[in-house]
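Labels for the chains are A, B, C and D, by order of writing; each one numbers its residues from 1.
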Amino acid sequence: MSVLVGADTKLVVSGITGREGTFHTLNNQAYGTNVVAGVTPGKGGQNVEGIPVFDTLHKAVEETGANTAMIFVPPRFAADSILEAEDAGIELIIAITEGIPAHDELRVYNHIKANGRSRLIGPNCPGILSPGKANVGIIPASFFREGQVGVVSRSGTLTYQIGNELAQRGFGNSSIVGIGGDPVPGSNFIDILELFENDPQTELIVMSGEIGGDAEEQAAEYIRDHVTKPVIGYIAGFTAPPGKQMGHAGAIVSGSKGTAAAKAEALEACGVRVGRTPTAVADIAAEILGA
Amino acid sequence: MSVLVGADTKLVVSGITGREGTFHTLNNQAYGTNVVAGVTPGKGGQNVEGIPVFDTLHKAVEETGANTAMIFVPPRFAADSILEAEDAGIELIIAITEGIPAHDELRVYNHIKANGRSRLIGPNCPGILSPGKANVGIIPASFFREGQVGVVSRSGTLTYQIGNELAQRGFGNSSIVGIGGDPVPGSNFIDILELFENDPQTELIVMSGEIGGDAEEQAAEYIRDHVTKPVIGYIAGFTAPPGKQMGHAGAIVSGSKGTAAAKAEALEACGVRVGRTPTAVADIAAEILGA
Amino acid sequence: MDLLEYQGKQLLARHGVPVPSGKPATTVDEAVAAAEEIGYPCVVKAQVQIGGRGKLGGIKVAANRAEVEEHAGNILGMDIKGLTVHEVWIEEASDIASEYYASIVFDRSAKSSLVMLSTKGGMDIEAVADEDPDAIAHLHVDPLLGFQDFHGRRLAFDAGVDADVIRPIGDMLAKLYETYLEEEALLIEVNPLIITNDRSIKALDAKVTLDGNALYRHPENAELTDPSAEDPQEKMAKERGLTYVKLDGNIGILGNGAGLVMSTLDVVAQAGGAPANFLDAGGGSKAEAITSAVEVILSDSKVTAVLFNIFGGITRCDEVAKGLIEAFATINPTVPFVVRLDGTNDVAGRELLAEAALPNVHTVATMLEAAEKVVELAG
Amino acid sequence: MDLLEYQGKQLLARHGVPVPSGKPATTVDEAVAAAEEIGYPCVVKAQVQIGGRGKLGGIKVAANRAEVEEHAGNILGMDIKGLTVHEVWIEEASDIASEYYASIVFDRSAKSSLVMLSTKGGMDIEAVADEDPDAIAHLHVDPLLGFQDFHGRRLAFDAGVDADVIRPIGDMLAKLYETYLEEEALLIEVNPLIITNDRSIKALDAKVTLDGNALYRHPENAELTDPSAEDPQEKMAKERGLTYVKLDGNIGILGNGAGLVMSTLDVVAQAGGAPANFLDAGGGSKAEAITSAVEVILSDSKVTAVLFNIFGGITRCDEVAKGLIEAFATINPTVPFVVRLDGTNDVAGRELLAEAALPNVHTVATMLEAAEKVVELAG
């Protein structure tokens, strides 16, 4: 097993004909992901290396039965593409696009939640990799192999770093889920922790957070109350100065709220061991799993 | 038993200090309805014959535990009052106000439905009477007594007419529910039929419709599939000329759709007996209940 | 409230929907002046709220001043399916490469708004719907989310519009939706929506229905009138805030509540009578409103008897009685009245009538009895 | 993007929020000209994005031309908590009967917008929140429904505003929300919101943060600048589209992805080093972006060593290597570089670097090793 993406994934890519869209779609396909369709308005009837392209997501779903959408369009079109995927009945929408306006995200989040039909991962996320099964997004899959550690992270490249540290110790992953660093992520730590808790393949969960917001604090309480599997935490941004925005819209600290130290404390208070470096995370994993 | 309003009703009246608001609130209270509060912005702290008035619905709920709201404000303020009641956590909102703009109704309906916290009856409805227990609205209660016939109707005065015809034959009512004649009623026939089906006091249901829309046609199929109790139908507007609007926003016929004849046929096709006059409805009731 | 073609197009234009330029005219001189300003060829279009005016000679192209004079002269005053043309719209002539159809409908049944698009415009869309339903692309828009770009794209691709107008059509649908929402319309129908030879798009005709309940928020729309559409009695009733619909019979009907009035019409018809009107005095009517309503009913000379059928809830029967007594004092009706009063303050109302002992006013106990009595008296 | 006080107030004014009239000035002469136009008394206000400027002499009332000259002369160029005042705002003086507080915050945690109102305005609202939390009325607005009249009423009654301004305050909150939504703000804070002696209300100060990601939809807002707020390196990086934050140390840091860069800062700090900056080259950086980023990092003269920490996903390691090679060709850096490349095309990237054999560039295998090496080299 794995979570969210796997053998049952039938992927449609919104923005398939863009340079990056094509590159990563073909990467995902080469990895073994079942890519059934792409969407680019006005390019319906064409194909990308044999993957049929449609004008609308509805048509793509109708013709191919796609159940998962990857959004790879520029920020100004991304909210519309996500809503289109939701309207077309897609169950899992993975939005890679970075830089979507915050009010667009707010509207999209609340609409999707009100309807309760789709799950959104991202935006501004690296996607989801279930090693050995499917890769949807931009995670460099060759660094990871199948195993028992589930990883959920707000940051893309940091996820690779942690996954890589684990790999060097010989641990593989059930799934690696990047939830994205934006102000209003479609799914939060808790949503993914719940999935890993219920996934038989996952024996250990690594949760990688960063400064800003209170998603880690909320997750800490959830872990204490609902997660029986061991969880290792990591928080980036101990050296971030208050009030400064560090790249991610998420990575901003105001006052004592949302600092790395406060988050690490909150996690530890709920029984989660926190590694201070990616390497330390792997050390703790080795201790728990006995490598 | 009865449906929607009864001994557990704790009523707050929005617009209690208006002329009609006061008149009908006191009527309802005199009938035995537990009127716990009124709301008129700026008149908080006053009272209407001992009923405390609050500035906001939230305050009224906080202080009195009101669970039912009656909306008696002018049309331009009514949508806002309904939304306020919903936001304040009121379970049952009964909107008497006539003349609310259709787009306001659309927005209100969809918002309430998306949240799933409150039930809205009306707008443009006479309210709900559960004889012997509680009266919320403008139904002249003295004409009705407790009994086994549940009545649901799109029209106010026509409801009284039918209830009165039944009363003259000696039948009382479990509840009389006016769902209103507006384009977007908060609750439809089906919602109320379901309640009557599950109400032990109700042995017979009278459903009074009118031309326009397809609520009666939808209800007919619902009755066929889900209602085991006998239902008598009535449709007003056999003599209405096509294309003319007859008062209610609901009462407009276009082409053959939504005509009284088409509705009566649809009901009969689903096993519902339809009386051609209010008197005929009472005749059929007498036949079924054996008066 | 239904708008005339040109009123609807001017409304659309305010929201950025491209429409041909034009001017309204109520006289031949105004028509000529408008045409001189617009240039030739131009089109003279009868402004009446009814379909098929083109086939009946209500739309004519004019190549010059003389033709405008001729066509405007013919069309103004023309009878089109029972409506008299009081106004024409003088419009620049448009060249047409394709005719599409677009509409937005307030869908009561779905509790949302239905947007439709078809490349089979310029004809009766109901015929298209019957014969080739797939030719009409349609979707519902969630009122809380509003019209999104993907809605426009999806409609355009599904309808199969020409590739070069996919985006402009989507933009136009977005503007139509904006108009629909901001002006609180219940219907916006553009048929035809044309593509010109230079590939621009325009709303060539428009049917717009506004929500009368929302007009207080749109004072400029509230002032729009259609001189051709209103019957004198209906106009009089509207001015008095009464809901009145004229019918063909001779029995005047007054009731409270649309449902009860409709039911009254039905019962009168079943008793063999022919109602002269639908008149809903409304909830909570005061005496003056009743007096005023009697005047409206009696202004129809065909009326030979009047039925009052009141079941008071918010309406109080004593007010109704007072209104009727006042009507006798001021307008002295000569036709018989049948009055049935039940509901709030009915005893007081019946007592007032009994005291007043109005000539030829018959009080009855039930609706059925009332219907039978009035049919008998109407003759 | 944070706006200066006067930029924020002008934005609010565009949406009908009443604000005192005023003019910005960057020189004493401009300030005097503005004051002459506005009249006396007027207020000279330092335009810097930091609280507490009043206590530090950044806000002065001027009764006449000479006082404007004096105050503007003192305030322009003044240092307020490390920020140099480049601009003042000359504003008509307002009389103040009451000072309230109003704000709208984009609440990430609640996934909706938080609206707050308090009668304890004019002071540090965080202190009010700590000492007397009930003094701040607040509620969340459902983004799909939007701000309703009842929200305004509820806030006004809950906050206990004076009875005569219940409705005006509600209207103002509605306008603030409109501004917040239409301008795509993340924060609008009005403190104080004043009631004048003649009972009108005004936004006397405003703190507005706009969403940088949405500026493409608001070109007029994108042009607003704050000359006082930007560090030269940060400005240079911004112009080049890089996310750069200046820090106090001597180790230049370049990475891809905010999380990885923050983690790199942490690991360098744990290894005993002091980072000079945060620089996220972003996803999918091409060689030119890397070259450009090296320039930005090295423009800070404190930098004695640079660490590249790349784990390529959408970023390709060969592009990073090419960018670094190009940087050596054009700007010839004199400080040592430590480079760690993993991820997409990492083998190709490492090969390119090996071939180039750049002077004093050290390739290492892991992040931890990289941190230790750069700390050692930075001295």
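Going forward, contacts are C-beta pairs under 8 Å (C-beta built on N, C-alpha and C of every residue); 3 or more make two chains touch, one makes a residue touch a chain.
Source: prediction; values computed, not measured.
Path length between chain B and chain D in the touching-chain graph (shortest route): 1. Should one ask which of A-C and A-D has more C-beta pairs in contact, the pair is A-D. Ranking all chains by how far their C-alpha centres lie from the centre of chain A, first place goes to C.
One inter-chain figure worth recording: chain A and chain C are separated by 54 Å, centre to centre, where each centre is the mean of the chain's CA atoms. A straight line joining the Cα centres of chain A and chain B is 48 Å long.
With centres set at the average Cα position, the gap from chain B to chain C is 28 Å.
Residue numbers of chain B whose C-beta contacts span two or more other chains: 107, 111, 114.
Residue numbers of chain D whose C-beta contacts span two or more other chains: 142, 144-145. If you check the complex, the residues on chain A that touch chain D are 20, 24, 75-76, 98-104, 106-107, 109-111, 113-114, 126, 138-140, 143, 153-161, 164, 181, 183-184, 208, 210-211, 213-215, 218, 234, 236-241, 244-251, 255, 260, 276-279. Within the complex, the chain C residues that touch chain D are 144-145. Residue ranges of chain A in contact with chain C, taken from their complex: 41-42, 44, 55-59, 77, 80-81, 83-84, 87, 107, 111, 114.
By the touch criterion given at the top, residues 142, 144-145, 148-150, 153-154, 157-158, 163, 166 of chain C touch chain A in their complex.
Residues 106, 108-109, 111-113, 126, 142-144, 181, 184, 186, 211, 213-214, 216-217, 243, 245, 247, 255-263, 265-270, 275, 278, 280, 283-284, 311-315, 342-344, 366-368 of chain D touch chain A in their complex.
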